[in-house]
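Structures follow.
Below, chain A partners chain B and then partners chain C, in two separate complexes.
Right, the complex of A and B next:
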């Protein structure tokens, strides 16, 4: 029982991270029809910025995290200016490869700036744990789940209740019609990249105390985020979050009970299976297929 | 299939299509002879073992990039799996050649890669563009973990020594110089296969499928089959190149087949130009030779490659081979 609870809680907290990363590129996808393959590297950059703010600027952890997330919003906007804005009207393949190249550049640049050795980022709650059914659950896991829940609620309100969300949904449904109705495509694109950058930064600073600050932190989270988004149908926030939690729990359970050395394989195998059997995702997609 | 050529109408291909009539573009065997003759002069000028090892590496990558031209350039399939198929070829070769020798190993590598590619393509046949891309990304991650963990197939940590040089009739291609000629022969075989594909209806069917899948399907192009054939063929060529790479290097480890190689393969075909296979060859040469020229910037290598990829997409959408057409457009206007 204690083993099951420990695996379940680990699964839910890593699943929350995957959800944050996935919500970032789903937001961009809704606004622009492009998938941002740099999303993972943005999360990595966020964790490095937090590490830099803590170790070099010697800020308090909470302030450092807020600074990192704020900077990541700007990085997201900058990424849009470089890789997406000049390529509007070109094939989406080209834009996707540009984001991929930008992601690689971020990772390589971080390797040069901070060396590729993994670093420790302290959790704002320290290393304390709480007991539950005999399992020790770190406070950091609880923090991850709580923050993710708040962000998801905020995003749902943003998408459903604000002018921004209404325009975003209009763009996702019919880009041409939305533009003819006066939706500012360029500004929406920039804003969506900014939000995605901030979400990635948040995912990075929450995940780094669990797995250490390393250059592949975000890339692995992004791959699992893809799996989550596909499982959830790519459109609905709720579907993506449920998909992410399923991926996280499935990964931990399979690694805990079947073969731990293949831990990273399970999410991808599940994802390919979903694409093979039910390409519209488990809950259907609200976005029509865009090429 | 109607007898008329379906002219591609995406902006990029339409522009290059108007500069060089397709009928001219496809007389490529002459170019194959010229390229091979030019490459054959390399040992005269650069005969050292080190220079030749660089040339050999370039040829292995060039073969893989030509395969990717079929997958991405000609049939527009956005696949990250090419590096993984390169690796599957290399590991299958190492496993089979260990007990059965070079030729059985080579054949096994090509067949195994083709089978995996076909099975995968069939499995995700209903996936749209992005889902296909993401599925291939998942496949390449799975392949990397299998290389590392399936130790009875590979070795501890996936690090395998491959002592198998090609032999023909008792003659061993055991030095860099001899291997160079063997690889050049393999490059010619690959190029001739691709030239034959480019002369066949498969070329125009692929282009039609890439640019207008619905129109192509309504005109009777079997788009699903074309997609399978091109993906399997291109990936099998990657497996072929991977086997040659393993034999030439004599040692393989999973790090050789990671995302880095996947990006480099994209860089090769995009930098060279997507509209014909020469772009793949030129791009491969560039990607291998550039770090040699920039050896004092070794730690910036990956950063330079990544920035180069973005810069190429932004500034040189048709790649290096597109420069000729661009130049022609400029001079005609003047």
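Right, the complex of A and C next:
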């Protein structure tokens, strides 16, 4: 039982990180139709900013986290100005490639700024654990799940109950019609990139104390976050979160009870299986193309 | 707004592409691994009286090349301190060259895992020291760094660029596939390469270029020595083994397992993981019941392993690879998780029993701001090995330098206490076992491979 609980909690925790990255994908996609492949590197950048704030500015951990997330909002906006705004009107594939290039540039820049040596970002909770059915659950895992849950609720409220959310949904439904109705596409695009940047920063500062600050931190999370977004239906927040948790838990359970050496394959095996049966994802209706 | 199914196909294709990337990242390098016969190692406590030297036979002495008096100059033990050398070899050779010795340093300068300074800094320091002592053959030594990246293609491109600049000797290449990919070029260029790769696949007996010499410890030697130490010194019988799913990891696993089984021990858990793994819960839980854990990974995953073992209440000693030093120096694991943490390394200069090595480490740290690891120490030593070989060869001719390197026997390094070339052109043979924890980085044993 303890083994099952330990694997389940690890799955929920990693799934929550995938969810934060996937929500960044979805937010930008809703507003612009673009898939931002710099999302993983933004998470990496967030962790480095937090490390810098702790080690160089000597800020308290919580303050450093908050500063990093705030800066990542601005970085997201800047990314939109560089990769999306100048290319508006061009094929969405061009913009997607631009985001991929931006991600690589971020990673290279981080290497120059902070070197490739891995670093440790402390957690305010340390590496302490709490017992549950014989398993030891790290407080950091509980923090990750709790924060992700709060973010999901906040995003649902933002998208469903605010003017911003209504405009975002209008854009997601029909860009031209929304524009004609007065929705400011450029501003919405900037805001969505900013929110996605902050989400990536949050994922980075929550994940880094577990895996260390390193240049590859966001890469695996991005791969699995993208799989989660597809699995969940790419567009529905609830669906994406469920998809991310499914991937995280399936990855752990299959590694624990089937074949551990295939662990990296499981998220994508699950994704391929689902889209083979239900191409629109578990909770999606249909995928929209923007022109 | 059009609603089409076109993008669905694009997304699916991208997703499947990611699946392939993830699979490739996690692909097992077993095809490159070999079954390694039990390696006999002799364990000699560095800080205490020898304890287990008589339990195993030291086979190296029988197979190594004879010593050449010309290359046995104990020059850099003095140089290691950063002070000027006083013997007749450094700067005092009768050798006269027609042009400066040019060293091409081939290392990854870019990429997520690149830490170029650990090679560049000791190279700079060694060259400055040699030049301050009079250079080689009447000229100051020159060096140029070339970015090899991490792929065989990048490595070969860097080598081609280096060869255009007509170097006297080559140094670097930490990636096995790059060393192997460079074989044809090296054979054609006839210029020696002292490389930093650990994998057994670059052995000359395995088809590696005869122009290559390995200054780093052979991976299987190091892993076997680790297992032997755990059995002899910690009395381990039940082993848990963790390793990255690459040739680096599987070769180490095979070598360690052979030693464990030959010694009457048992591997109760065998778990691989991806090099960029972000969670090791399953692997760590599988280690329950073991006396010790042997993990052959990289700094990030070693830190993760230590923290997760602590969090899951698995309080047993763990022995990790070369990366253990970086894990410790960067505090990638919590201090509470590093109370039974050992590393198997080619050397540990700041914790060496020799004063000359410790002085060198101290000088290096003052100059560059960090405690040098084995990479820095064997880079320094490689420069001096070339100096000795060129002086012994009496010329800058590649063939002559190669011949001199083949008969090296040298005690003046800051990394290994003794360098001696074997039939596979391995220069290093001793594994330092380092205890890392409680603020200590202490060499507790040196095993003779």
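One rule holds for everything that comes next: the second predicted complex is superposed on the first by the 284 of 291 C-alpha atoms of A that agree within 3 Å, B and C clash if a C-alpha of one lies under 4 Å from a C-alpha of the other, contacts with A are read in each partner's own complex, and residues count from 1 in each chain.
Quick note on the criterion: a residue touches a chain if its C-beta (ideal position, glycine included) is under 8 Å from a C-beta of that chain, and two chains touch if they have at least 3 such contacts.
If you're wondering where the values come from, they're calculated on a predicted model, not measured in any experiment.
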Of the two partner chains, chain B (first) and chain C (second), which one does A:91 touch, if any: first, second, both, or neither?
first
Once chain A of both complexes is superposed, is A:126 in touch with chain B (first), chain C (second), both, or neither?
second
Chain B versus chain C, judged by how many residues of chain A each one touches:
C
Is A:47 in contact with chain B, with chain C, with both, or with neither (first, second, both, neither)?
neither
Partner chain(s) touched by A:148 [first = chain B, second = chain C, both, neither]
neither
Have a look at where A:265 lands relative to chain B and chain C in the superposition and call it first, second, both or neither.
both
Kindly classify A:207 by the partners it touches after superposition: chain B alone (first), chain C alone (second), both, or neither?
second
Partner chain in contact with A:167 - chain B first, chain C second, else both or neither:
neither
First (chain B), second (chain C), both or neither: which does A:117 touch?
second
For A:104, using the defined touch cut-off, is the partner it touches chain B, chain C, both, or neither? Pick first, second, both or neither.
first
Going by the contact definition given at the top, which residues of chain A touch chain B in one complex and chain C in the other?
35, 93, 107-108, 111, 219, 223, 226-227, 230, 261-262, 264-265, 268-269, 271-272, 275, 279, 289, 291
Going by the contact rule at the top, pick out the chain B residues touching chain A in the complex.
10, 12, 76, 78, 123-124, 126-131, 133-135, 137-139, 141-142, 145-146, 149, 259, 263, 266, 270, 299-300, 302-303, 305-307, 309-310, 313-314, 317
Which part of chain A faces chain B closely enough to touch in the complex?
35, 82-83, 86-87, 90-94, 96-98, 100-105, 107-109, 111-112, 219, 223, 226-227, 230, 261-262, 264-265, 268-269, 271-272, 275-276, 279, 289, 291
Help me check something: in the complex, which residues belonging to chain A touch chain C?
3, 6-7, 10, 13-14, 35, 93, 107-108, 111, 115-120, 126-127, 129, 136, 138, 173-177, 207, 210-212, 214-216, 219-221, 223, 226-227, 230, 234, 252, 255-256, 260-265, 267-269, 271-272, 275, 279-280, 286-291
State the interface residues of chain C toward chain A in the complex, per the touch definition above.
1-8, 10-12, 14-16, 18-19, 21-23, 25-26, 28, 110-115, 117, 245, 271-274, 276-279, 281-283, 285-286, 299-300, 303-304, 307, 310-313, 326, 330-332, 334, 336-337
